[in-house]
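Mind looking over this structure? Questions follow.
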Amino acid sequence: MKYRKDKVEDINIAYIGGGSNGWGWTLIGDLALEEKLSGNIRLYDIDYDASCNNEIIGNNVTKKCNAKGKWAYKAVKTLKEALTGVDFVLISILPGTFDEMESDVHLPEQYGIYQSVGDTVGPGGINRALRTIPMFVEITEAIKKYSPNAWVINFTNPMSICVRTLYKVFPEIHAYGCCHEVFHTQQLLIDMLKDMKNITGIKREDIKVNILGINHFTWLDEATYQGIDLISLYEKFVDKYYKEGFTKGDLNFWINSSYWDSAEKVKFDLFKRYGLIAAAGDRHLAEFVPSSWYLKDPKTVEKWGFHLTPVSWRKEHKKELIEKAIKLVNGKEEFEIEPSGEEGVRQMKAILGLEDLITNVNLPNLGQLTDFPKNVIVETNALFRKNSVKPIAAGSFSKEIHNMEMTHVLNQETVVEAVLNEDIEKVFRAFLNDPLVIGASLDRNDVLRII
Amino acid sequence: MKYRKDKVEDINIAYIGGGSNGWGWTLIGDLALEEKLSGNIRLYDIDYDASCNNEIIGNNVTKKCNAKGKWAYKAVKTLKEALTGVDFVLISILPGTFDEMESDVHLPEQYGIYQSVGDTVGPGGINRALRTIPMFVEITEAIKKYSPNAWVINFTNPMSICVRTLYKVFPEIHAYGCCHEVFHTQQLLIDMLKDMKNITGIKREDIKVNILGINHFTWLDEATYQGIDLISLYEKFVDKYYKEGFTKGDLNFWINSSYWDSAEKVKFDLFKRYGLIAAAGDRHLAEFVPSSWYLKDPKTVEKWGFHLTPVSWRKEHKKELIEKAIKLVNGKEEFEIEPSGEEGVRQMKAILGLEDLITNVNLPNLGQLTDFPKNVIVETNALFRKNSVKPIAAGSFSKEIHNMEMTHVLNQETVVEAVLNEDIEKVFRAFLNDPLVIGASLDRNDVLRII
Amino acid sequence: MKYRKDKVEDINIAYIGGGSNGWGWTLIGDLALEEKLSGNIRLYDIDYDASCNNEIIGNNVTKKCNAKGKWAYKAVKTLKEALTGVDFVLISILPGTFDEMESDVHLPEQYGIYQSVGDTVGPGGINRALRTIPMFVEITEAIKKYSPNAWVINFTNPMSICVRTLYKVFPEIHAYGCCHEVFHTQQLLIDMLKDMKNITGIKREDIKVNILGINHFTWLDEATYQGIDLISLYEKFVDKYYKEGFTKGDLNFWINSSYWDSAEKVKFDLFKRYGLIAAAGDRHLAEFVPSSWYLKDPKTVEKWGFHLTPVSWRKEHKKELIEKAIKLVNGKEEFEIEPSGEEGVRQMKAILGLEDLITNVNLPNLGQLTDFPKNVIVETNALFRKNSVKPIAAGSFSKEIHNMEMTHVLNQETVVEAVLNEDIEKVFRAFLNDPLVIGASLDRNDVLRII
Amino acid sequence: MKYRKDKVEDINIAYIGGGSNGWGWTLIGDLALEEKLSGNIRLYDIDYDASCNNEIIGNNVTKKCNAKGKWAYKAVKTLKEALTGVDFVLISILPGTFDEMESDVHLPEQYGIYQSVGDTVGPGGINRALRTIPMFVEITEAIKKYSPNAWVINFTNPMSICVRTLYKVFPEIHAYGCCHEVFHTQQLLIDMLKDMKNITGIKREDIKVNILGINHFTWLDEATYQGIDLISLYEKFVDKYYKEGFTKGDLNFWINSSYWDSAEKVKFDLFKRYGLIAAAGDRHLAEFVPSSWYLKDPKTVEKWGFHLTPVSWRKEHKKELIEKAIKLVNGKEEFEIEPSGEEGVRQMKAILGLEDLITNVNLPNLGQLTDFPKNVIVETNALFRKNSVKPIAAGSFSKEIHNMEMTHVLNQETVVEAVLNEDIEKVFRAFLNDPLVIGASLDRNDVLRII
């Protein structure tokens, strides 16, 4: 790594999960757009062929004139090759197959448990954790061995459990988790400002927010744009759209659109209940509260304006991406260099000391969330500076939200400990503490069938 | 108060709820049996006539030759008269009427929520808290004014919430809560020693236990009798009686007996799940866990060998007691001086410095329960000495039980804060966090009807 | 207060100690230079005439063409008039007279206790606290009554004790303490970069630092300029100047210059001892460690390249300022509008939402300093945003520095508690815990003579 | 180990330091007096011959008719032989030689630092720690390997540092530290009751005390005998004897008596300063506070009625003991079986479940001392029961004592960490934080000469 004026060259990055067609291309695009950084990307994936495709795609992008940041991509076959001496490690893996995920998400439906995502909490989240934690143990041990001073950015779900595993296995690690759900909530506030005040042209980073909670169950208790208090504006916004949902003018917007979209009605309902802005997609939020509220059955889900994303949809989407990858490799399709809206590259820039950055990340609790146990993974703002990511005090919840948060915090602690100790009975007991499960009548055999 | 050799004379006690036919008579009997203490009891009750009856009954007992402790009873009309300058304050009140309790316990049955007691958590516990907290605010303020140095022993439910209110209103108070549920569990261990080892004649205080948890949801993680480890013996005992329940030889014992009895099957099931001895009656324990486990419906309750104590039963029982009171006052019936098995008198003796005592009490957490928030009310062992009640370190739970305990701890904190701030919305939100409620599908109107 | 585009008008500020000739003129100048803010300043001082002088001086400045920020100054006679409805409260008072300070600082010299400043710790700091805390109680009660939502910025010493008193009296206050000592340390790092690397033209805010400690006994454990690690550069810098001191080329610089200057040798010695950059003036730092190190006697002080600022010097300096004030009022001298290097105005701008600001402030510890007690006042970085000042996690000290810091933290807690409870014995005991006093042999009468 | 009725047979004990002529004989005597216990003692010592002597002495005692407890003593040559499979490990070693101790205690006198004991804090304590910690690391690792479930009782000084090392090296260890200084303070209270109230025949265990602090710097804030408050009685007692000291009727008692005795004047002065009863010998207490108070010079020491125990005295005393050992082995002298006043045997009895015991011990802080860091070693009451030693909540200090305690707590933490990490610079820095050192003017070379 070399500093040359205000640029940094020869940065080495390991990308674990580097065969990805989603996050992989995001990274390739965002790096190409950033003129101050350049270096090498080592792509590691259990699907080595997929890494090789991305090696070709990435290097082709670097050759383009409009690629301001120049990077050399290289598929590698071992964690050792990927990690030795790197400056950054990016982890974005799919733990297991979509077939496994299908079982995670849809088998519990037989017991009346519906899940809109199934990757964080609930039966789907816990099952995914069972697969993911051992993989993270392996990755962390390799980091400890080959690149102990690297900065590690995790994008994989279940986020809190993955980051917790990183720190449990290697407490001195420099790691945090990055998730875009809060960014989408900031975008909603931008849409609100247009809708309610006819203000346009706002950049996401000008929506200043205080964030508190755990990943996918975060909240905003302060939000401003210049002199405007967005919390009180949101109150009126919720009143306006509580019934219909906020659909950007098209009442059927969310129904006809992708499985990721929603009418924000869960978010609005949570505001009415608790007075804070829940800062994640409705599909995620719904899974953290009692299933009777928003996930009782498909009809209830529809009423609340969101989707139970079927894993078949993911499979279909995956197929399309693979076809696209082939075209990109063959040169049958051109890679479009466009900003993704993701923030990983900007975060690396800040860690390299090129600019201060304040953004939300998932880190061990040092006290940034008052009353939360030490070291559990929480999501709050942090200050990024050269070789330094420091959480910013976020405050505390009212006791009733704190209770809901703690249920998941303690359950995630239980799951990590259980898997690290290979204690299946403990997993079983954690499973029964999950709010999506509490309402269901499962006997021991039912649970054993699910997990 | 005067110390004379190893006796203490002229002790002054205020008894709030002094018209009681249950605890009142227990106290009269236990005091009469204790030769080292004597003094005056001031009986205060919103039912002044009931206090007057107890004044007569108490003074009659004092006249008996076999009453070794001599006490003068006096009904008083105001808290000021009751409290001014006393050494001890005993609080044992019934907050509200049995009609109100009937609504607490049975109205939620319309929504599929069954409660076996309904005085601690769940809809019944929360409703009872709404009535009780304001009464305790009034009592505490009077204690602060009239007897700030007195030792205050609370026997009223919901225990944790009552003791928390005492400390919230008057943080310097000398107060704790006393509950007999652990004593009954020690009795079960005595029965077990007879059943499994044919050892008899054991006194309760020789069953040494470590206690941790919150009132009615406490656990034993250490239990010994002389050299014998009772936890491992209990494991075999549970195996022996898991299916049938432990019924002291009569398979229908608990069915035919009073509404208070059970076959201990909930306790045995909790041991199988968590490896600790749950240390309260099954009727209480069942209310702290998801309703689908033991309280799904009356049939499930029956299967688990306990009762849904109907409030009509309490009403009937109350009538009998009132009739008995009249007879005792009239002299138509003789008061039997018998040890009650309760411990209040012995605790007072220890606080007066006449003997060391180690027993379980409800106190603010100073650290005796690791990982529990400071100041919430927990139940652990404490050391009683002259003018001193000090909690003994109890250790910590595995994370999965900790999670279940915290749900209630934080909900109780929410309820106390909500009532002290008169915030009905907060009560509403606490209500929805209760495990008995989570499984039910209640809309806002349903909840408002219940609370 | 009105927001108009990116400007804020009609801001109301109360300035407690508004007759000041030092900080007062600093503020007048800095406000005149800031074009985005305007409004009214109410000057309150126990020396009303001095406020009136500043009213004239301030309003004259506003009339100048080069005054971009327009402010109306008004001397007021009561705290009520000063505070009612203001947006900001600035507190910069001199607690007591220079005669009193003379006794604080020089009387202990009779017992072999030498103090270089005497306003923070040691006999001088404790005596000053005895005078200051009651004044702050009065001011805080007035803020609570007349402007409970205002942002309160304290500049008065002893800083930690003043801010602690603000929060003790009114826990919901929005207050923090601002001190420029860290800024001077950043300037030293700028001088170092010129000296060691020949880099010039660096702005203070581009020296990025992590700050931890308590006011006047703060340390930097991270410091960077762009890609350069300033901690390792400082190590070489210390080696270069350890013997002679860093005197900007003039070996006698600090001797001939003002009583505020030093040769930085204390700072360099502390770096050699602990490996961190102490971030306050040497005169302050020397008072926090055992007196035998740097303050044994005047000869030792001279050897370490700093001054025992005599209070006579302060008196003389004060006279000059008063003469200058008369000239400014008379128009015999022109007010020079120049940036002061202080940060108060920029902080207000950030609190008004006009820009993000990260800077060091004195705030109650919420966890930003690991292992420090909750709520004691610590100095770390904080993030300033609209209506929000949030501490940033600063980490922790090695145990040996932690010990030295805790001695003062706990002593300051003792002093505040003692004065609030009017417990002179407790002050006496705190006094004997101070490192400057521990080495001295004082009997009770000696101490009573000093305090 | 076998339980037979109310006796326990075949107990295996390892005695590390088993060649001791002091504690060794104490143990032999006390075990012989206890009829409920019997078994085997393995004596391990780096001086194997001394162990062999004690083997002979111990087995001779067992043969005596008045030896109710029968024990077989065996000298062993390795830690492995000593520890494998034992139930208890007793550690009572002299770390280093008396020549080394002479340097610890008397060399600092050249710099004006006088020490009355020199085994806990100050230069002597820190030097002793440097020798002791590595020995304890070795012992603890052997315990972890050969007897991980044994109960480990430490009698070695520096107590806090030894126990801390046990837990640092093997966190799951069952260990505590036992010290008799509080017992002596209880004895003083018995003497006081005779002197002030003419009450005689009191047993030590009937003096009920609450203990808080760290070893040799502990305090009593509650003390009662039956109905009598001993704190207020002590106030009068101090007034009576403050000037002369308490010398049991003989004004020159302490001067003519052994180097261990004192006139209790330090203790009385500390009571006048802080209102609590300091609960250790004056020689120990004096070393924890600034040296100017009681240890300024030999004259000051004399004025305060205690001794600077010279190491030459220890050497002399040691010689006498060795001579006595030879006589005991030869049969030239008869071993007198007498109760020692020590409590180790009674504690073992309680841990075996034969009786409840409440006594003061040194344990990691779980919260028994409010505001002290977690896990540092503190001395408070604990409850001993079968296989269980649980600290009892002791409360907290006023802030000024807390500050004095914390100085030592944090310094001990620093020393342990420094030695475990072999960081001599850190030891150096800890040394300079000690109150006995702060007052002295030591340069780097002085310190290096001492440590």
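General observations
Letters A, B, C and D name the chains as they come in the text, with residue numbers starting at 1 for each one.
Heads up, the rule we're going with is that a contact is a pair of C-beta atoms (placed from the backbone, for glycine too) under 8 Å apart; a residue touches a chain by one contact, two chains touch by 3 or more.
Just so we're clear, the structure is a prediction, and the values are computed from it rather than from any experiment.
On a Cα centroid basis, the chain most remote from subunit A in this structure is D. Mean C-alpha position of subunit A lies 43 Å from that of subunit C. If each chain is reduced to the centroid of its CA atoms, subunit C and subunit D end up 47 Å from each other.
Taking the mean of the C-alpha atoms as each chain's centre, subunit A and subunit D sit 56 Å apart.
For subunit C, the set of residues that touch two or more other chains is empty.
Viewed as a network of touching protein chains, the structure reduces to one closed ring of chains, two contacts apiece. Chain pairs recorded as touching, per the definition above, are A-B, A-C, B-D, C-D. Residues 3, 6, 8, 208, 210, 222, 224, 226-227, 352-353, 356, 358, 366-368, 370, 381, 383, 385-388, 390-395 of subunit A touch subunit C in their complex. Contacts from subunit C toward subunit D in the complex involve residues 273-274, 290, 292, 296, 371, 373, 398-400, 402-404, 406-407, 410-411, 413-414, 417, 426, 429-430, 432-433, 435, 438-442.
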